[in-house]
Structures are given as C-alpha cells and as structure tokens.
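Same chain, two partners: chain A is paired with chain B first, then with chain C.
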Partner chain A sequence: MRVALRQRLGHGRRIAAVLLSSQYAYMLEYRAEIVLWALSGVLPFIMLGLWSAVDAGDGLGMSSLQLARYFLAAFVVRQFTIVWVMYTFEEDNLSGRLSPYLLQPLPLVWRYVAAHLSEQATRLPFVAMLVGLFFLLYPAAFWWPSFSSLLLTVLATLAAFALRFLMQFTLTMVCFWSEKASALERLLYLPYLYLSGLVAPLALYPEAVRNVAFWTPFPYMIDVPARILAGEPVAVGQSFAVMAAWAALLLPINLLLWRRGLRHYSAMGA
Partner chain B sequence: MGRYLSTLRIFWIASLTAELEYQANFLIELVATAGNLVGSIFVLSLFYGRGQSLGGWSWEGAMVVLGVYTLLEGVTSTLLQPNLSTIVAHVRTGSLDFVLLKPIDSQFWLSARTVSPWGLPGIAMGAGLIGYAAWKAGATPAPLTLLAAALMLVASLLILYSLWFVLAASSIWFVKIWNATEVLRSVLVAGRFPVSAFPAGLRAFFTFIVPVAFLTTVPAEAILGRASGPWLLAGGAVAIASVVLSRWFWQFALRFYTSASS
Partner chain C sequence: MPGSRLTPAPSGKALDRVWLAPKPVRMAIVRAQGLGKTYRVADKQPGLAGTLRHFVNRRERTIEAVRDVSFSIEPGEFVGFLGANGAGKTTTLKMLTGLIHPTSGTVEVAGCLPHRRQAAFLGQITLVMGQKQQLIWDLPPLDSLRVNAAVYGIPPAESRRRIAELAEMLELGDELRRPVRKLSLGQRMKAELLAALLHRPAVLFLDEPTLGLDVNAQARVRSFLADYNRRFGATVLLTSHYMADITALCPRVLLIHEGRLFYDGGLETLTQRLAPCREVRLELHEPMGADAFASYGEVEAIEGREVRLLIPRERLTEQVGRLLADLAVVDLSVSDPPIEDIIGRLFHQGALA
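Right after this comes the complex of A and B.
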C-alpha cells in the first residue's frame, strides 16, 4: 500500500518535471512574443499617470507614493495571473489537436496549467527589468517588502491565478458546444477589468460598490495581492477564505461540465 | 475609382453574409460594448465624484472624449482588426503572393477585404454619446464647428489606420509581430481620457510618440467648438503624414518579401 503510493507520487513528480521543462523550452522559443504580451499589460501605469495628476488636490486618502507602489504591485500581480487557456483550448478543439491529447493517460488540464506556469517563468526576467526601470524613473517609490509579506504575496498571487484559471476553464467548457465560445471571455473580462483593482485601488471606490465587489471573486485577483505586496493593511484570512469559497463553488461545476462536454465531444472535421 | 467601389461592395456583402452566421455574437458584442462603456463612465465618476476634474475638462467634455474613443474602438473591430490581422497569416503561409498578383492595389485589398458587423454597436454608442454629451456641454452645431469636427474625426481615423497598418505590415520581417498590435491597443486605452489629464512626461509621449492626443482629445475639442487653429492644422498634418508614411512603408516592406520559404 505504502509502496504503491510512493510509486504514484514519484510518477506524478516525473510527469510534472517533464511537462514543465518541455513547456518552458517551448515558451522560451516565443520569448519575443511573450515580452510583447507583458508589455501589453501597461494599463496600471496609464492609470497611475491619471491618479497621480489628480493627487495634487489630495483628499484621496492615499499618498502619491502609496499610489505608485500599489499600481506597480498591480502590474506585477497581473503579469503572473494572466490566463489564456480558453483561446488555446478553442484552437486545439477546432484544429483537432484535442483528440490525441485526450488519448494520453494524463488529465488534459495539467498540460494547460504547465503551459501557463512556464509562460510566467519566461516573463519573470522581463518583468524584473521593467520593475527596475520603474524604480530608475521614480526612485522615491522604492520599497523593500518584508520577507513575510513577500511570501504572502506569492501565495496570494498563486491563489489568484488558480481561481482565475478555474473560472476561465469552467467557461471554456462551452467550447464543447460552440465554435466561437471565446467571445464569452469578453463578458467575463468586463467585471474583472473594473472590479479587480486594475483601474484604481478598491479603496478609492465608493463604499457601496466596494462592499459589493468584495463578495465577488474579482478584487482577490489583483487588488488583494497587490496591496499585500505594497505593504497596505489587508484582511488576509478573510481574503483567502473568500477565494476558497469561490473555488469550492466553481470546481464541481467545472468537473460536471467537463464530463458532459467529453461525452458530447466529437472531433472536428471527423 | 469605380472599380474599387464595386469590388468593395462585393467584398463586404460576401463577408457580411459569412459573419452573420454567428448571430449570437452580436448579442455578446452589444453587451460587451455597453458594459465597457458603463465601466469607463464609472472610472470617470471615480475622478469627478470627488470634485476633481481631469486636466481641466468638464464632465460632459470628458464624456465626448470617451465617445470618440468608443467610436474608434468600434471602427477598429469593424475594419482594422479583421483585415489587418490576416496579414501575418498571408506572410506565414505565402498566400501574400496571390494578393500581390491581383490586379488591384495590395494595400487596399489587405485593408478593406472584409468587414465585420460586430463593431457597429460601438460605433452607434460612441456616436450617440458624442451627440448627447456635446449637447449637454452646450456645443452649438454651427457649420464651421461641424466641419472642423468632421475633419478631425477623419484625421483621427486615418492616424489610427496608419498606426495599425504599419505595425501589421512589419510582419513581413517579424512573423510574430501580431502581439505588437495588442501592445498598441493597450496603449491606446489612454485615449479614453483627455490627454491634458496626464503628467507632463506622459502627455508628451501621448502627443509626439504615440499620437493618442490626435485620436481622441483633438477631435473632442473640435466637437465642443473650441479647437484652436494650430491644433487643427497639426491634426491634419499628422494624418496626412501618417497615411503617406504607411503607403511608403508598405512599398518598402514589399521589397523584403521573399515569399514563404519552401
């Protein structure tokens, strides 16, 4: 019994290592492309420009340094929580690549998770460079997060990534029934864009909107990890609890749709 | 000229027929565009709600800027994106050969081959918002204002087109350039706000390097009837220069096109 478990664990670790290293090699091939994707995440910097120009009149409740740190942290968190599984899955489905993948003795989802994690690893040096450039242009904003808040940020960012992946992957299941399902992602992106804290820290939202927003999963995807990284006070336990609750809600739906979708699946062009 | 118009008609009828197969998309686009507009207005209200203004613009004035932005987004998804996104594939597969052999201008063919109706909600909502906000701001539809506004809108469309086309045409050298248009799109988001709302450094960037100022702020000024002569002239000049540049760039890029390697 014990031996069988250990064998399975070793097997899993070997598969994970192979998947990650091959996907990483694949992503490195497209590093120029990934740099461009990283660059297209400049929205927090544009918003920082707007907010810092407004800040002159103050009354914001946030100093310009706090704003700069928040938006830089939001940029970093966004870079490591970008999810694009829907587009890849749709393409794999339409081009018929899904069939050979499904025949492999490995749940398909891990292939996509590995691809996302490797892509983030490819981004890492470039994001570090941009952060360095930011501090070069704005040295006053430099801060050194404590080790514990750094650790907490990594955890919160990973949780945010997992939740966003789960959310988009659940919606992705529509691909089994429709050819242009990725259009739906545009709708999911809307509340994400305006409630996650990419355009402004949620602290600046009117209280009524903020209270509603914190019941949705979106603020936990940018605002909460970014505030932890920027050293603002955060209700950590409560945030993780809400994320866990949303994950617990989405996971069964995802599994159910996956099972039904597979039964419905027949290869394109067959 | 007549030949180009009649080909355009055939192209567009064919592509509309194909696109209308996916009618549910229309509903999604409608909701997405409306949602985006509501979200943008909400962001603006975050600034104006605390009694601050963006770069000295009134609430209604900022709405006109947002309207122009929404209109441009609509045009992007109607014409620019569906057409120019195919250049990459043409270069990669070598089917650009067939485009170049056609007895019609290749830049015209690549820029106007298809039309997608999904940007129409954006165009309609943008135009509606412009009209309503300009009326609220007390702009008068004097003939001279209308003329200046129309000219500046055309200029801004030409600039937008040239930016997209030059980036898309770079795929002759870099096949993976398509993401560069995503970068462009994400930078153009700054056009949702009047350019004077940004700090000096960014303002210079958005005026001289990526001319976001001429895309939304200058047309909005013209619509509100307070455009100044130098800005109108500059808008026209930038538009003409960028179209000429895109034309020249395409001729230049084609010299390096050697068909797909095989």
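Right after this comes the complex of A and C.
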C-alpha cells in the first residue's frame, strides 16, 4: 500500500518536473512577448500617479507613502495571479489540439497549471527589475517586509492564483457549449477591476461597498496579498477562510461542468 | 446488419467471409455494435436576412453522421477505413477512441469502454490525426517526448531505448533536436508518429497520417507502419485519401458511405467484385473512331492514338488476341482500374448492396 502510494507520488513528481521544465523552455521562447505582457500590467503605477496627483489618499486615511507601497505590492501580486487558461483552452478546443491531450492519461488541467507557473517564472526577473527601477526613482518608498509577512504574502498570492484559476477554469467549461466563451471572462473582468484593489486599495472605498466586496472573491486577488506585503493590517484568518469557502463552492461545480462538458464535446475542428 | 454488406456474387470466392467469420481462439480487440452518432447543427440561410432570421428563430437540423455500424477487429489486423469526405470515418474513429460518446450502440476497445477514458484504456491506444499535432511547436520533439514518457510512466532508460528504436525505424536523427516549427511536413509527421507510439499502444487509430506528404515521405510512413504492425503485433485502423496507403497496407477494408457500413471484407474481393472488367490501354499506329472498338469492349477514353478500353475479365485473353490480330497496335498494356474509380463508381451506384 505504502509502496504504491510512494510510486504514485514519484510518478506525479516526475510529471510535474518534466511539464514545468518543458513549459518553462517554451515560455522562454516567448520571453519578449511575456515582457510586453508584464509591461502592460503597470496599471497600478498609473493609478498611483493619479492618486498622488490629486492627493486623495490623505483625506481617506492613507499617506502617499502608504499608497506608493500599496500599488507597488499590487503590481507584484498581480504579476503572479494573472490567469489566461480560458484563452488557451478556447484556442486548443477550436483548433482540435484538445483531442490528443484528452487521450493522454493525465488530467488536462495540469498542463495549464504548469504553463501558468512556468510563465510566472519567466516573469520573475523582469518583475524584479521593475521593482528595482521603482525604488531607484522613489527611494523614499523603500521598505523591507518582515520574513513572516513575506511568507504570508507568498501563501496569499498562491491562494489568490489558485482561486482565480479555479474561477476562470470553471467559466472556461462554457467553451464546451459555446465557441466564444472568452466573452464571459471579459464580463467578469469589470467587477475584478473594480473590486480587486487594482485601481485603488479597498480601504479607500465607501464602507457599504467594502462590506459587500469582502464577501466576493475579488479583494483577495490583489488587495489582501498586496496589503500584507505592504505591511498594512489584514484580517488574515478571515481572508483565507473566505477564499477556502469560494474554492469549496467552485470546485464541485467545476468538476461537474468538466464531466458534462466532455460528454458534450464534439471534438471541433477535426 | 443484413442488407448493408455486399452479398457475395454466386460465382465469387467470397473471400470476405473469411474475415466475417469469428475466429475461435482470439478475442476481438475492437468491437463496435450498432454504433450511431447524431449531431444537431444550426441551419442558417446565407446573407443578412438569413442571419437575422437565424438570430430570431434558430433552426437546427439533426444529422446522422454514423448509423448502425457494426464490425470487429482482431489483434494484429491492419484494416483500412474508406469513405468519401463526410462519410463518417472520423466520427467513428472519435467514438472508438472515446473522444465522443456514441448516440446509440456500443463500442469496446482493448476490453474497455472508450468514453470512460480510464488510464488502462488510454495507455493502450493512440490516435494520430494527420492535420492535428500534439508536439510543442516551438521546442524540439525530444522535449515533447520527455513529457509523454513521464505522462505514460515510461522509465527514462526505457524511453531512451524506445526513442532510439522508433527513430531508427522512422529514419529520424538530428530532427529530434530541432524545434518542431523548423521541420518539414514529412519530418514533423514522423516525429508525431514517434510521440504517438512511445507508450507502445496495442491499438492505433490513424486518421489520414499521410495527408499532404510528398510521395517519398508517404512511402516511408507507409513502410514504417507496416514494420511497426509486424514488429509489435499492433492492431491498426487507418483512414486515408491515398489509395496507395490502403492497397499497400490493408488486406481488409471497411467501406463507409453516408454513415453506413457498406462493405467489410478483403480488399482483393472488393476489387474483383467491383471491377469485373480490366483496363486495356492501346497505342495505335493511327487514330481511329470509337465505333471501331465497340465489338471489343467498353470504350473508356480515346485521346488521339491512345485508347482505353474496359474488357470483362473472362473475355480478356480472347479480346486482346482479337485486338492484336485486327488492328495496327504499337503498344498494349492491361491493368486493374484505379481503386479510386472503383470506389467512386460504387458510391455512385449507391444501391449496389
């Protein structure tokens, strides 16, 4: 029994290592494109510029230094929670590439997870460079997060990535029924933009909005990990609990839709 | 399914019976029983008016892609799957591999129900589609092969050995270290085959594996498949547009037309049955009119001094003798009409069964 388990674990580890390394090699082929993608993620810096220009933070209880740190942290967190599985899946589905993958004894989702993680690894040096540049231009904002908050940030970011991936992958299942399902993801991008903390820390929102927002999954995708990193107070336990609840809700739906979708799958384009 | 198979002609040797009769010891590795698949597709008129009407009142049509198809294949058989575009070949292959669920009937492959897609099943089959690829486009094939080896749980040393063996059979070398996008179509197809066969499947479903390849590459893929089938005793079901693939590889063929199985039996029998005539090509000393050949056989074509006649097999020697005696013949050759023509004619006649 234990031997079988160890064998399975070894098998899984080997698949993970091989998938990650080959996907990393693949992503490196596209490093220029990924740099451009990362550059397009500088929205938090633009927002920082806007907020500083109008000095809006002061009146609402955040100093310009706090704002600068928050938006830098938001940039970093965003870089490691970007999910694009729907677009890849849609393309794979329409081009018929899904069929050979479905015929391999490996749940398809792991290929996409590996692709995302590898892409994040490709972004890493570029993100570090931009962070360095930021501090060079704005040395007053420099800070060292404590080891524990750094660790917590990594955990919260991973959880945010996992939840966002699960959300989008659940929505992705619509691809089985519709050929242009990515339109749905664009629809979801609006509440994400507004409630995730990408355009402003949620602390600056009216309390009524905040009360509702923290029941949705969105603030946990940027705002919460970013505030942990920036050293702001966060209700850590509650945050993880809400994320876990959403995951517990979405996972069975995802599995159900996956099974239904496969049944419906007509192997398009082949 | 009575009526849909060709009934053997009274004088025929009924070779197809050999294939239809169940063999006592060996178990079928592929078995389809009353297989059917219907699709619902949108029915839209062209133009703006059609689009608007389609938007308001969406109409759907049911298409029976495959109807009541039954056959079984034994381990090690090499079977050709023939039919025009849209006849239902690919749909059937997809049901056999479990990619789509049949609407009716049952399938069993390697002792499993394909649509359950259990690991035990997936490890025993492979599907190669000529136009589709699984290799990672921007990386050398070896990277994709490493992934496949891990996914199928093939130990590294064993996978290296198999890659070397298959690469030798496929005449692949340095190509495996070059990005896939830099490979020619033929090299890519061979690399795809390598990737699809690394886990040494017992059943191969090949959908147009030679599509778009030049004649040399086609021949190499063909001889590889024959070699693979011999060496590993693998069962192969192959669809192809190139009759040379079928005639070179498949002693048995399944013929599908408008979703129905039309013929299941030996290729030889099919040709003999469906081509009661042989084709005689003549090169004459000087051109002659069609009337001059009416008494020898059916005139197929006349181009200047070249004439093609169809002459029934049983009268062949007699008529050729007469042709040579009566006319000023420069050159004469006898051949079977191309199988494309035979099958084209069969589908044209439709009601032949």
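Throughout what follows, the second predicted complex is superposed on the first by the 267 of 270 C-alpha atoms of A that agree within 3 Å, B and C clash if a C-alpha of one lies under 4 Å from a C-alpha of the other, contacts with A are read in each partner's own complex, and residues count from 1 in each chain.
Keep in mind that, in the parts below, contacts are C-beta pairs under 8 Å (C-beta built on N, C-alpha and C of every residue); 3 or more make two chains touch, one makes a residue touch a chain.
All of these numbers come straight from a predicted model, not from anything done at the bench.
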item	value
Simultaneous placement of chain C and chain B on chain A, clash or fit	fit
Contacts of A:162 with chain B and chain C, given as first, second, both or neither	neither
Residue contacts with chain A in the superposition, chain B compared against chain C	B
Partner chain(s) touched by A:18 [first = chain B, second = chain C, both, neither]	second
Partner chain in contact with A:187 - chain B first, chain C second, else both or neither	first
Least Cα gap, in Å, left between chain B and chain C after the two complexes are fitted on chain A	5
Common ground on chain A, meaning residues reached by chain C in one complex and by chain B in the other	30
Residue ranges of chain A in contact with chain B within the complex	30, 32-33, 36-37, 39-43, 46, 49-50, 52-54, 57, 59-60, 178-180, 183-184, 186-187, 190, 193-194, 199-200, 204-206, 209
Residues of chain C defined as touching chain A within the complex	39, 90, 94, 97-101, 117, 119, 122-123, 125-127, 129, 131-134, 136, 138-139, 143-144, 146-153, 196
Residues of chain A that touch chain C when the two form their complex	11, 14-15, 17-19, 22, 25-26, 29-30, 95-97, 99-106, 263, 265-267, 270
Complex contacts: residues of chain B adjacent to chain A	22, 24-25, 28-29, 31-32, 35-36, 39, 42-43, 46-47, 49-50, 52, 54-55, 174, 176, 179-180, 182-183, 185-187, 189-190, 193, 197-199, 202
